[in-house]
Amino acid sequence: MDNDQVIEFNVGGVFYSTTVGTVKREPGRLAEMFSHGADAIPRDSKGKIFIDRDGILFRYILDYLRNQTVILPENFHEKGRLRAEAEFFQLEGLLRFLDNENRQSGYITVGYRGTFAFGRDGMSDVKFRKLARIIVCGRVALCREVFGENLNESRDPDRGPMDRYTGRFFLKHLFLEQAFDNLQEAGFKCVASCGSGTSGGSAELKPGMDPEESRWNHYNEFVFVRD
Amino acid sequence: MDNDQVIEFNVGGVFYSTTVGTVKREPGRLAEMFSHGADAIPRDSKGKIFIDRDGILFRYILDYLRNQTVILPENFHEKGRLRAEAEFFQLEGLLRFLDNENRQSGYITVGYRGTFAFGRDGMSDVKFRKLARIIVCGRVALCREVFGENLNESRDPDRGPMDRYTGRFFLKHLFLEQAFDNLQEAGFKCVASCGSGTSGGSAELKPGMDPEESRWNHYNEFVFVRD
Amino acid sequence: MDNDQVIEFNVGGVFYSTTVGTVKREPGRLAEMFSHGADAIPRDSKGKIFIDRDGILFRYILDYLRNQTVILPENFHEKGRLRAEAEFFQLEGLLRFLDNENRQSGYITVGYRGTFAFGRDGMSDVKFRKLARIIVCGRVALCREVFGENLNESRDPDRGPMDRYTGRFFLKHLFLEQAFDNLQEAGFKCVASCGSGTSGGSAELKPGMDPEESRWNHYNEFVFVRD
Amino acid sequence: MDNDQVIEFNVGGVFYSTTVGTVKREPGRLAEMFSHGADAIPRDSKGKIFIDRDGILFRYILDYLRNQTVILPENFHEKGRLRAEAEFFQLEGLLRFLDNENRQSGYITVGYRGTFAFGRDGMSDVKFRKLARIIVCGRVALCREVFGENLNESRDPDRGPMDRYTGRFFLKHLFLEQAFDNLQEAGFKCVASCGSGTSGGSAELKPGMDPEESRWNHYNEFVFVRD
Amino acid sequence: MDNDQVIEFNVGGVFYSTTVGTVKREPGRLAEMFSHGADAIPRDSKGKIFIDRDGILFRYILDYLRNQTVILPENFHEKGRLRAEAEFFQLEGLLRFLDNENRQSGYITVGYRGTFAFGRDGMSDVKFRKLARIIVCGRVALCREVFGENLNESRDPDRGPMDRYTGRFFLKHLFLEQAFDNLQEAGFKCVASCGSGTSGGSAELKPGMDPEESRWNHYNEFVFVRD
C-alpha cells in the first residue's frame, strides 16, 4: 500500500481517515498491522479497517502519529484511559510523553509573617506590606521543582530522602506574588488561605521594634495544590 | 458465529463495532443474546444488532468487555447512569468494579495550633512555623482510611460504631502538607480554611513559655471534602 | 405496528432507534402519534419518523420511556431545556420527576464558638478543639430539611412562615463534621469560611473560666450553598 | 413549499432536520432564503440545503425558531459565538433575548460587624451571632439590582451616575443568609471571605457595652461575583 | 472551481461542508491546495477532499475563514491544540489572533488596611468600612495592564525591567470593588482571601487616632489569578 493512500478506520464504531504513511510512521501494533499485506487486515462490513478499541480516544493516537507529539486539551480528563490505549497500540514514544506529562501531585503551603512599614512621619504616610520571610512547606522534591534556585535550604540541610517533608525552607526573595507565579507555572493552583494576628500578651517589646509595626504583625498562609 | 467476526450494534441510535468474541467474554445479557443463533438477534432496518438502551454509555460497556476493567474519565459524571446500564446487561464484574470505585463521601477537618520558633538570637533570626499538634476531625471510618498508621487514637479509644464522629484524633507526625497529600491521595480536596489568633487576656504566661511564641499563637483549620 | 418493531427517529437531525413498545409505554404526544396508524406519522426523506425538536435532549426522553425513570448525569446542565422537552412531549411522570429533583437553592451558614480544652497538666498535654455550640443560620425550611431531628429550635420557636430566615437555630450535637456531612448529603457544598479570635479587652474573667481557654476563644463560620 | 414539508440542512457539515414552517416563522436570512422558490436555495451534493456556518450552534438557532425562545444550557459557554450566529441569520428576537440574558458582571462585597449576645445568666446560656449591620459595597447599579427594596441608601444619597461605586449602603434587615440568597438569585456566587477581630487597645469600654460582647467583636466580609 | 461551489471535507474522519470561496479567502495551505486544479486535491473513497488532521478543531479553522475572526467558546480548553492547527494550515491572521488572545498569566494580590468610621454619636450610629489605602502587589506589567491610570506608582518608581515584581503600588481611589471589577474585566478571578486584626500591644495611641477606630484595625488581602 502506498504511503499517500487514504485509509478509513472503524475504531469501535467511530470512523477516522488518515494515510498509510501516518500509521506506519512509528513502530507498534498499527505499523505491524500493515506489514503483512492488505488482505490480513480485519475489516468491517463496509470495508473499513476494524479495530476493536475505544473510538473516541483514537483521536489522540492519530494526532501522535501525525505529529510525533500530542498537545492534549487543557482540561483533558481521560489521561488514564489514553495511557491504556497507548499501551495497547505499543506506542513507546507516546507512553514516554504521557509519563513526562504526569507530574507528581501534592500540596505546597506558602506563608509569611508580615506587618506594615511605619516611618517617622506617622499615620499620614502610605504604609506598605512588609514581609519578614516567605516560608515554603511541603514535600522536598516538589518545593525544589517549583522554586529551584530561589529556595534557601540552609536551615533544613538535606539529610534524608527526596520524598520527605519540610517546614523549614524559605525563599531568597520577598516577593510573595513571584512565589505564586512560580507555583502557577508549575501547575499549582491556590485553593485556600488563612490569616491570623498576634496577641498583645507580650507587654514589653524587643529592642529595635517599632510599636506600630508590632501591633500589625500577622501570619498569612496560602495553600496550593497540583492535581 | 466466529469469535473474530466483526459485528455492528445500533444501541439506541448510536453505532458501535466490535467482535463476537468480545461480547461473549463475560456472562450476562449480551452473551445470552448470542447463544441462541444469529436469527434470534433483533436487528434494525440496516441489519445492525439492535439494543434499546442509551447509546452513549455503551462505550464503557464495550470497554469493560474488551479489557475486563474500565478506566473511567477523571471527571466522569454519569456513574449512576452507568450503574443502571451494568445492571441491565447483568455484568456482575462491572457492578463490583463500580461499587469499589464508589468511595464514601464526607468532610474531614485538619487543624493545628501553631506559633513561630523564637531562639535566643532575637528577631534577626529566621523563624519557622512551629506546630504543636495536627488534629483530625470527622467520621472515624474516613479518618482511618486516609491516615491509617499515622493516626493517633489514644485520646479517643474506639468504643462505638465505625460511623460515629470524632474530634479527638491527632497525627503521629507534624508535617501538615503530608496530611494534605494523604487527603489528596484519598480523593479529598481542600475547599476552605480559616485562622484565628489568641487574645492577650491571660496576663501571666504559663511557666516555660516564651513570650514571643505566646504572642504568635494561632489556630488554623482546613476543610477537606470528598464527593 | 407490533410492539417489538424497531423504529427509527430523526429528531431535529439526530437519529435514535427504539421499539414501538417503548414509545407507547406512557401516554403523551409520542403514544398519540402512534395511535392513528403508520401512515399518519410524519417522515423524513429516508423514511425515519420525523420530530421537529432538539435532537440531543431526546436521549433522556427515550431513557424515561425505557425505564419509567431517568438518572441524569451528575453535572447535568440542561435541566431547564429538558423540562421544556418533557412539556412538549406531555410526559407527566417525567415532569413530576424533574420537579422533585429541583431542590430549593440557598445558603446555610454553620458557625461555632470554640477554644481548646486545657487540663490541670499544663501545656504538655494534647489539647483538642472544644466547641461551645454549633449555630445554624439560613432559611428555616432549608435548615430543617438538612438537619431534621438534630436541629434545636427552642430559642427560635416557629411563629412565622416557612420561608423566613433565622440566626437562632443550633445543633443537638457538637460534631462539626457531622453537620458538614449532612449538608453534603443534601447537596450543599462549602464555598467559604472565616475565623476570628477575641480581643483581650475584658480584663476580668467570668468565674469558672480557665484563662488559657479564654485566650484561645475563636469564632469560625462556614458558608455552604446549594445551586 | 408546504409548511409541513420536512427539510434537511447541511450546516457546515452537521445535519439538521426541520420543517419549512419552522424556518419561515421569523423574518431574517433563513425566511428570505425560502422566499425565492426552491431552485434558488444552495444545496450540497446530497441535495441537503447548504449553509456555510458553524454546524453546532445551529442547534440553538433552530430551537429559537421552533419555540420563539431559547433555554440555554445552565453552563453554556458559547454566548459570544451564538450572538455572532444570530447576527448572521438576522434574527432580531434572538438578539434581543441574548442581550437581556447578558447581565452586567461585577463584584459585590457583603460585610458585617458582629459579636455574640450575652445575657445575665452567664456562659451557660446559648449565645447567638449578633449582627450590628449588614454592609453592602460595590457598583451602585449592581447593588440596587440585587437588593432592591431591602437596600438602605440613606447614608449615601444618589448624587452621581449609576456606574459609580459605594461603600456606604446597608440592608434594612439583619439576616446575612437572606442577603446571600438574594445574591444567588441574581446569579452571584461566593468566592472568598475573611474575618478579623478587634484588638483590646481601647482600655475603657463605651457606656452601655457589655464587656463580653466587646471581646467577641469581629468583622467578616464575603466576596461575591457574577461572571 | 467556482467560488460558490459547495465542497465537502473529510478532516481526519469528520465531515465538513463549505464553499470554495471560503477556503480561498486567506493565503495558506488550504488556498494553495485549490490553486493547482481539482485533480491535484487528495480525496477519500467517497470523493470528499481529504485532510490528514484533527477533525474536531477544523471547526474553528473554518470559522476563521468564514469570518476573518474567531469567537472561541468561553471555556475553550484546546488553545494549544488549535494553535498547532493554525500553524499547519499557515493561517497567519489566525496565529496573530490566538497570540493576542493569549494573555500573560499570573497572580495579583489586592490588600487594604481598614477599620470602621466612628463618629461623635457613639455606637448607635451606622459604621462603615473605612479604607486607608488599597495596595496592589504583583508583577509590574500585570498591575499596569489591569489598573492603568488608577495606579499610583510614586512609591515604587520604575527603575527596572517590566517583569520585575512590586509590593509598593497603590490605587488612586478607595473603592475595593472597583479594583475587583477591573481585575475581572482583565480576566482575573478571586481565589482566596485572608484577614487579620491588630494586637493591642501598643499601649498609647498615636495622636489624632480614635481609640474605637484603632481597636477595629484590620488587614484583609485578596488573591486574584489569571490562567
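Letters are used for the chains, namely A, B, C, D and E, taken in the order the chains are written, and counting of residues starts over at 1 for each.
One rule holds for everything that comes next: a residue touches a chain if its C-beta (ideal position, glycine included) is under 8 Å from a C-beta of that chain, and two chains touch if they have at least 3 such contacts.
Since this is a predicted model, take the numbers as computed values, not measurements.
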Exercise for review: Touching both chain A and chain C: give me those chains, sorted by label.
Suggested key: B, D, E
Review point. By how many degrees does chain A turn when fitted onto chain D using C-alpha atoms, rounded in steps of 5?
Key: 145
Check your understanding: Are the two sides of the chain D and chain E contact the same residues or different ones, given that same means over half of the numbers occur on both copies?
Key -> different
Check your understanding: Roughly how far is chain B from chain D, going centre to centre by Cα mean, in whole Å?
Key -> 32
**Study point:** chain A and chain B: spacing of chain centres that average the CA atoms, whole Å
**Key:** 20
Check your understanding: What residues in chain B touch two or more of the other chains?
Key -> 191-202, 215, 217, 219, 221
Revision key, fill the gap. Among line, ring, star, complete and other, the chain touch graph is complete
**Study point:** Touching residues on chain B, where the partner in the complex is chain D
**Key:** 194, 196-197, 199-201
Check your understanding: Which of the residues in chain D come into contact with chain E in the complex?
Key -> 10, 12-13, 42-45, 50, 52-56, 77-81, 84, 105-109, 111, 113, 132-133, 135, 137-139, 155, 165, 167-168, 170, 191-202, 206, 208-209, 217, 219, 221, 223, 225
**Study point:** Touch list for chain C against partner chain A, complex
**Key:** 195, 197, 200, 215
Review point. Tell me, which parts of chain C touch chain B in their complex?
Key: 4, 6, 8-9, 14-19, 22, 59, 62-63, 66-67, 71-76, 116, 122-123, 126-129, 131, 174-178, 180-181, 184, 189-200, 202-203, 205, 211-212, 214-222
